[in-house]
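Order as written gives the chain letters A, B and C; numbering starts at 1 within each chain.
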Amino acid sequence: MGTFTESLSTAAGLIATADAKLASIVGLSLQVSLTAVAFAATIGLPLGAVMAVKRFPGRQAIIVVLNGFMGLPSVVVGLLVYLLLSRAGPLGPYGLLFTPTAMVIAQTMLITPLMAALTRQVIEDAWREYEEQLRSLGATPWRAALTLLWDTRFSLVVAVLAGFGRAAAEVGAVMIVGGNIDGVTRVMTTTIALETSKGDLPLALALGFVLVALILSVNMVAQLIRLWAVRRYG
Amino acid sequence: MDLIRRRLLAALVGLALLASPALAQEKFIVVASTTSTEQSGLFGHILPAFEKATGIKVRVVALGTGQALDTARRGDADVVFVHDKVAEEKFIAEGFGVERKEVMYNDFILVGPKDDPAKVAGGKDITEALKKIEAAKAPFVSRGDKSGTHAAELRLWKEAGIDLDKVKGPWYRDTGSGMGPALNTAASMNAYILADRGTWLSFKNRANLTVVVEGDTRLFNQYGVILVNPAKHSHVKKDLGQAFIDWVVSADGQKTIAEYRIDGQQLFFPNAKR
Amino acid sequence: MSSVFPLVLEQICFAPSGQPIVDRVCLAIDGRVRTVILGANGAGKSVLMRLMHGLLTPSSGRITWCGREQRPRAQAMVFQRPVMLHTSALRNVAYGLKLAGVPAGERMNRAAVALERVGLAPIAGRSARVLSGGEQQRLALARAWALDPQILFLDEPTASLDPGAAKEVESVIREIVASGCKIVMTTHNLGQAKRLADEIVFLDRGRVVEYTPANVFFRNPRSAEADAFMKGELPWT
């Protein structure tokens, strides 16, 4: 219990004094994860929507795969991306390994299936209600997917937040492809792992509290935006 | 519709921001080193001095020695800085490294529980201590991760005349982890463990552990630095990498290494040949 | 715009799982009269309408519009329960126009006019999902009407509404007819059929049993099934 309270007060202290090193680590964590969310949403949301409205051979198999990949182990994704980006690998010449860009790539691959699967479920439920009317008005499946994406946007916020949560909290992928380089690819989760392995458990736990506070803050901001938008657009 | 456009814009901006370090064309090298070296805090001390002298930034990727050398074999690092002479010479023999230069040494220590079930505390002979631990089947934690420390541990068992494969049992815990996590494990199960002094000095979760054997010359841990062979990997930054190597073996670099202390204790002893 | 009529159904069958829901239906519907499809629940009225509108594909048979097999764009459908997007009433109507390819500026004007015509101009900016049942149904009619269709399908348009709202919807339907648009409607409300129909298509278990002018049908149904149907229905529902 002592470690717990000690860590809580350390965490509060770090946040209150806006510790410079911590601030830059938090900044990088947000930059990497938010960028990954942006890419994953751009790919995953339309993908999920089209999966929901279009029928095609093999659809059920793809749904099973998408749902399964929601739980992809982050360390496996990290390993795959490492092999892709390594100098010995196909994308080697770009020299992307051990950079924040590699971390964004890995996290995007990690969370796209999650966001696509959740979107598919939301859109499929909406499609049941809207299908006849939209087809009657002459909407093609692609057009209908876009319309429903916009119409269900408030429910999709949850899908996006789920993606952000998964990205901000993972350590396996960013550790392998980023290398946890001080000042370059060190993010919250890899710092916590490092401090734990150095035996400084109170500090690691304190950083853990900061990370949780960060994720909660993002969720809070999203919820406020959602409430404002609901009031505005109905 | 415009939601998607807005997201695309955000993504492009984000990517541009992330790309900007590359665009800024800063001079940097990637050095593959070991977790024990990084966690000792040495790099935090010597790299700022190197950057001040040359303007070159060093990005240290800290892995186990085996992993560090493999990373270099794939061409993902410019320089390796590890502590396993046998593995390093093999690395060069395979053609992946240019030349090995000795930089510094630190030592390993045997750490164990204060109540010392194998009765090895205070001894000066590491092989004797290992024999006693095996005889008593006292809990022993190994790193098991192809690291320099792991390689040293295996050599010492061999020197003690013990065939690990024959006597391995529940007392020998092969964790496959870095120095810090292995120490954590040893601390929580009151086990003996071979550690490098640097990591031990900055390790904060000691619980019941203390130093039981030190000073045996067989415990000395030699560090070497090698430039990754540009003939094998043409993208290797050979000039910047060589500048790093030249600096750590120079009088300046060696002095900076010697000045690094934890709690007043010197950790690394420079011994580069001139 | 060339006429889409006559709408001809040749031997249309719909039997997705073996049992025919619509059985060898032959009809020739022209654009001058108001057609009402009557029948008991499960007779196949809604399915027949969806086949005509093109939402369902027949298992066998041919549907032609003025001799052409191509499904025309100049048609619209209003369902029993209106389905609105989570946006304003005006934008819902504009959405239909957008799908029809109307350019942005013209879209909003035409949408506003459509809302005027059905008496919903005051609530143009209100969120469509919070409107009452009758208002939403009138909005659905506005959306369909704004497309300037030659034929409008209506599937039990007042079945979910209270009598007051139903009356308002019926009056909008009359205006649509007056503007030159042909309607094909299903209902199980005999009073409504009497008020709005020029001709009746009577379906029983997927087959067209009678296809006669309305006044003939109501005074003197030729088939036993139609007779039984009307006796079962209370005249004021």
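Convention: a contact is a pair of C-beta atoms (placed from the backbone, for glycine too) under 8 Å apart; a residue touches a chain by one contact, two chains touch by 3 or more.
Just so it is clear, the structure is predicted and the values come from calculations on it, not from any experiment.
Taking the mean of all protein C-alpha atoms as the reference point, the chain centroid lying nearest to it belongs to A. Ranked by separation of Cα centres from subunit B, the top chain is C.
When chain pairs are compared by their number of contacting C-beta pairs, A-B comes first. Separating the CA-averaged centres of subunit A and subunit B is a span of 32 Å.
Chain centres here are Cα means. That of subunit A falls 47 Å from that of subunit C.
For the pair subunit B and subunit C, the distance between mean C-alpha positions equals 78 Å. Put simply, subunit A touches subunit C in their complex at residues 129-130, 132-133, 135-139, 143, 147, 151-152, 233-234.
If you check the complex, the residues on subunit B that touch subunit A are 1, 3-4, 7-8, 10-11, 14-15, 17-19, 21-22, 30, 35, 39, 43-44, 59-62, 74-76, 177-181, 183-184, 187, 199, 202-206, 233, 235. Chain contact summary for the complex, subunit A toward subunit B: residues 31-32, 34-35, 38-39, 41-42, 45-46, 86-88, 92-93, 95, 97-101, 104, 146, 149-150, 153, 179-182, 184, 194, 196-201. By the touch criterion stated above, subunit C contacts subunit A in their complex at residues 50, 53, 55, 73, 76-77, 79, 83, 85-88, 95-96, 99-100, 126-127, 129-130, 143, 147.
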